[in-house]
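Structures for review follow.
There are two complexes below, and they share chain A, which is joined by chain B in the first and by chain C in the second.
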Partner chain A sequence: MFIIGELINGMYKEAGRAIREKDKSVIQRLAKRQKEAGADALDLNCGPVSKDPVLDMRWLIETVQEVVDMPLSLDSTKANVIEEGLKLVKNKAIINSTSADSEKLEILVPLAIKYNASLIGLTLDKNGVPQDKDRRLELAARIVADCQEKGFPVENLYIDPVVLPVNVAQNQAGLVLEVLKEFKIISTPAPKTIVGLSNISQGTTKRRLINRTFLSMAIAADLDAAILDPLDEELMNTLITSELILNKQIYCDSYLDAYRKR
Partner chain B sequence: MAMELVKEKWLNAINKVTIGSTAEEGGSRTKVVTLGGEETLPFLHAEGALPYKPVIAYEVWDTPARDWPEGLSSVYGKVLNEPFAWAKICVEEYKAELLCVRLVGAHPDVENRSVEEEADFIEKIRKSCGVPLIVVGCGDTTKDNALLPVCSQVLKGEHCLIGSVTQDNYKTITASCLADGHNIIAESPIDVNIAKQLNILISDMGMPLERIVIDPTVGALGYGFEYAYSIMERSRLAALAGDKMLAMPFICFVGQESWRAKEARTAEDQHPEWGAVLERGIIWEAVTAAGFLQAGADILVMRHPKAVEIVQKNIEELMGK
Partner chain C sequence: MFIIGELINGMYKEAGRAIREKDKSVIQRLAKRQKEAGADALDLNCGPVSKDPVLDMRWLIETVQEVVDMPLSLDSTKANVIEEGLKLVKNKAIINSTSADSEKLEILVPLAIKYNASLIGLTLDKNGVPQDKDRRLELAARIVADCQEKGFPVENLYIDPVVLPVNVAQNQAGLVLEVLKEFKIISTPAPKTIVGLSNISQGTTKRRLINRTFLSMAIAADLDAAILDPLDEELMNTLITSELILNKQIYCDSYLDAYRKR
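Up next is the complex of A and B:
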């Protein structure tokens, strides 16, 4: 499972303040702790209230790269923020994200090719998030086809079915789990699959329990990657155990430690 | 159109383990042996690097090997009663690259030799031959816990391979090997889960993963060979796919298992249709060893020089030399 740590996001109080005040120590601590807890990559998001997102994104990348050398996921809806960021990323970059709208694909797919980055494709478009499985599949196929046309390797594409809060759209979570498997039959090689996990529990009172339950179900549905909070130890234990049950690592009594010593 | 072979891309390689150290490195060996480093399954040269060839270690005991069958003991003759002459023949005549010294005589049921006697013996072995050494205890847990730390100290700086430790008994010997700079044999009972667990336990004590060799416990042809093979294969596949806690070279005690088989021991008059007893044992040992090479064995501990010769030739062919 490819784990993208979600904690460096201006939407969160601590990171938001650090970005505003350019407090490197907070961001660098978040980067190191997420890496130690098992993150394979870090998501960087300036947050919705950033006055100068290009500047903030540059600062985040430089700040994080001073302490860790790992893939960075540039999380922005603005193409120029992503491109300015891509210029600075030393390790591998992940573009987070494009929708299935052609205006977005026209810009972001070539950028991913130019900078040899991975790309996250959300199955939504101008009409919003689909409420059914077929529409999600159709949008995913559109993104895959566009990548193939432009010569972007589909194995570097992560399709995100867009997880909705379970307390708002309770019928959607089951559909998302089903469609995760179906994304795999769109093409050969298949695109990878990813979810932004925390969305599932937005606004609920049992956030961590809901997150880890959904994660283990999604792993059983062939999920390849997730954007999540790696500092949630029970969540990480659930992830490791789910992979164990699917025979993705060899059991031993200390399998949790063994995974963390990878 | 020419058919193209499908090549597997692996994420991880097997650790490189070095046995022995020369005078420059603080030891007294005339050369060192490096093994492991495989980037793919055995002998698939097109898929990844296989930097070191599997190595055969000759077994030498501290005490006469009385229960060895005639097919085996006849080749060594009287030297089986004289460990230093035995070691000398292995190194000089049979060109052994590694010696595996077994302290059988220390076992309470054999000669119950004292720790001091064995330490003295090991010191003499160290001085009398220059090849890198594997040192294996007598198999009695209590005795080995007293014996092996002392041997480890006597051999300090020689970068030996010492064993074995098990899941229930690893702390004392691991601590000694760690302090004296040796590699360690981690033995598990044909069980990949325990092999992995033991590696974690040993590494938790501070032992670098690059100094651990797995003894998966093997059986001879006809005596659990396939079971051991499949465990080694599963372990190696997991290691290559990224499991660092299983990415260790294997040591296989082939001689000990093969010469226990009734096919290697039974006299000709009992089973005339089985052919000459002198040849049977050799073939049993060679075939068992050749099989484990295909499962990923890095060190084969063997007994009969003729069997070694056959397997050596097999290794050379498989390594493309």
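Up next is the complex of A and C:
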């Protein structure tokens, strides 16, 4: 599984303060610790209250790249923030994210092509997040078709079915698990699949338990990638064990350590 | 999920000694504790070294029924042990188990009908446990057909795909997860599905982690029942949370407690 560390996000208290005060040490420690814990890429999000998101995103990228060399996921709803970020990313970039709206696709797919970036496509549009499976499939197919049309390789597209919190939309998680497999039959080659894991437990009292339980179920549904907290050790144990059970990690008595020492 | 507590089994040290010495208190405590922890039924197994399994099974049933009134799963490879047990069970009985061999089915299906018991059917025969999905399906279909022919209601049949330890047959767990859903399309009404959970982690160093990770994956594959250790609190938390995610338990902040207080 491709793991994108979620912790460098202005929404979180520690990172939010560091971004405001331009405190490099906090961000760099979060970058190094997430990498050590198993992250394959880092998500960078200036947070909802950033006054100058272009400046903040540039600062985040430069700050992180001083200490790690790894793919960076540029997480913003603003295309100009993403474009300015793409200019600075040295390793592989991931655009997080486009919706299925054509205005978004018109801008972000060409950017992904230009900068050889991966692209996360959310199955939502102006009408919001679909409450059913068919509509999610339809929006995913629209994103895939748009990528094909524009010449963006679908192997670099990650479809995100948009996980909703289990306490407010309890029937949605099961639908998401079902549709994850169905995304794979939209095209050949198939798009990859991704979830923003922590959404599932937003507002609940058992966040980590719900996150890791849902993750193992999603991995069993062939999930390719997740944005998650790699410092949650039990979550990572669940992830590694899920891959073991599905024969994607070789068993040895110390398989958890072996994974971490890769 | 229908939970069958696995702890009254002569294979385990404490229960084995209690069965040999006819120490009621140990067995009765295991019965009560498993029930309190969420078991819907109790598995009773005299263990591999019982010298008189008919006598031991009778003693187990009587001992357990002095303190709990709940379904009992009579776990023996010997038909006469099961038959003598069935005569004593006051609540619902579960026959654990038949294979797909006709000699077994000839005896055990009529017994299940006579005593209005449920029946666990393992997808194995004299050739052993299949290493592929199709053969498991074929053996399951053979058991289902035999039940239909003899007039045993398929709703009371639990098909067990036979989980193998992940450290010796690493490709099997994924096949089991796939075939669990496929068992459901063998007949209408569909047979139920069950796993002996602890097998997945036999001989590994991370038994509980592997058990609970596999359980959530199997629940996502529509598993109906499992034989497991209900005293493993984290396992039960995973089970309850899996059902929550699949919308089979209603969310409230104290959903774990609410489940346990049912």
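Rule of thumb we're sticking to: the second predicted complex is superposed on the first by the 262 of 262 C-alpha atoms of A that agree within 3 Å, B and C clash if a C-alpha of one lies under 4 Å from a C-alpha of the other, contacts with A are read in each partner's own complex, and residues count from 1 in each chain.
The rule we apply is simple: a contact is a pair of C-beta atoms (placed from the backbone, for glycine too) under 8 Å apart; a residue touches a chain by one contact, two chains touch by 3 or more.
Here the structure is a predicted model, which means the values were calculated and not measured.
**Q** Would chain B and chain C fit next to each other on chain A once aligned, or clash?
**A** fit
**Q** For A:Leu88, using the defined touch cut-off, is the partner it touches chain B, chain C, both, or neither? Pick first, second, both or neither.
**A** Touch status of A:Leu88: no partner.
**Q** Give the angle at the C-alpha centre of chain A formed by the C-alpha centres of chain B and chain C in the superposed arrangement, rounded to the nearest 10 degrees.
**A** If I round to tens, I get 70 degrees.
**Q** Based on the superposed arrangement, let me know which partner A:Arg262 touches: chain B (first), chain C (second), both, or neither?
**A** Only chain B is touched by A:Arg262; chain C is not.
**Q** Once chain A of both complexes is superposed, is A:Val54 in touch with chain B (first), chain C (second), both, or neither?
**A** neither
**Q** Which partner does A:Ile186 reach: the first (chain B), the second (chain C), both, or neither?
**A** Neither partner.
**Q** Between chain C and chain B, which one touches more residues of chain A when both complexes sit on the common chain A?
**A** Of chain B and chain C, the partner in contact with more residues of chain A is C.
**Q** Tell me which partner A:Ile107 touches in the superposition: chain B (first), chain C (second), both or neither.
**A** Neither partner.
**Q** Taking the superposition on A as described, I'd like to know which of chain B and chain C A:Tyr251 touches: first, second, both or neither.
**A** Both chain B and chain C are touched by A:Tyr251.
**Q** In Å, how small is the closest CA gap from chain B to chain C once the two complexes are overlaid?
**A** Taking the overlay as described at the top, chain B lies 7 Å from chain C at its nearest C-alpha.
**Q** If you lay the two complexes on top of each other, which residues of chain A touch chain B in one and chain C in the other?
**A** Chain A residues touching both partners: 250-251, 253-254.
**Q** Please output the residues of chain C touching chain A within their complex, sorted ascending.
**A** Against chain A, the touching part of chain C is residues 166-167, 170-171, 173-174, 177, 200, 204-206, 209-210, 213-214, 216-217, 219-221, 237-238, 241-242, 244-247, 250-251, 253-256.
**Q** Can you list the residues on chain A that touch chain B in the complex?
**A** 249-254, 257-258, 261-262
**Q** Give every residue of chain B touching chain A within the complex, in rising order.
**A** 192-194, 196-197, 200-201, 203, 234-235, 238, 242-246
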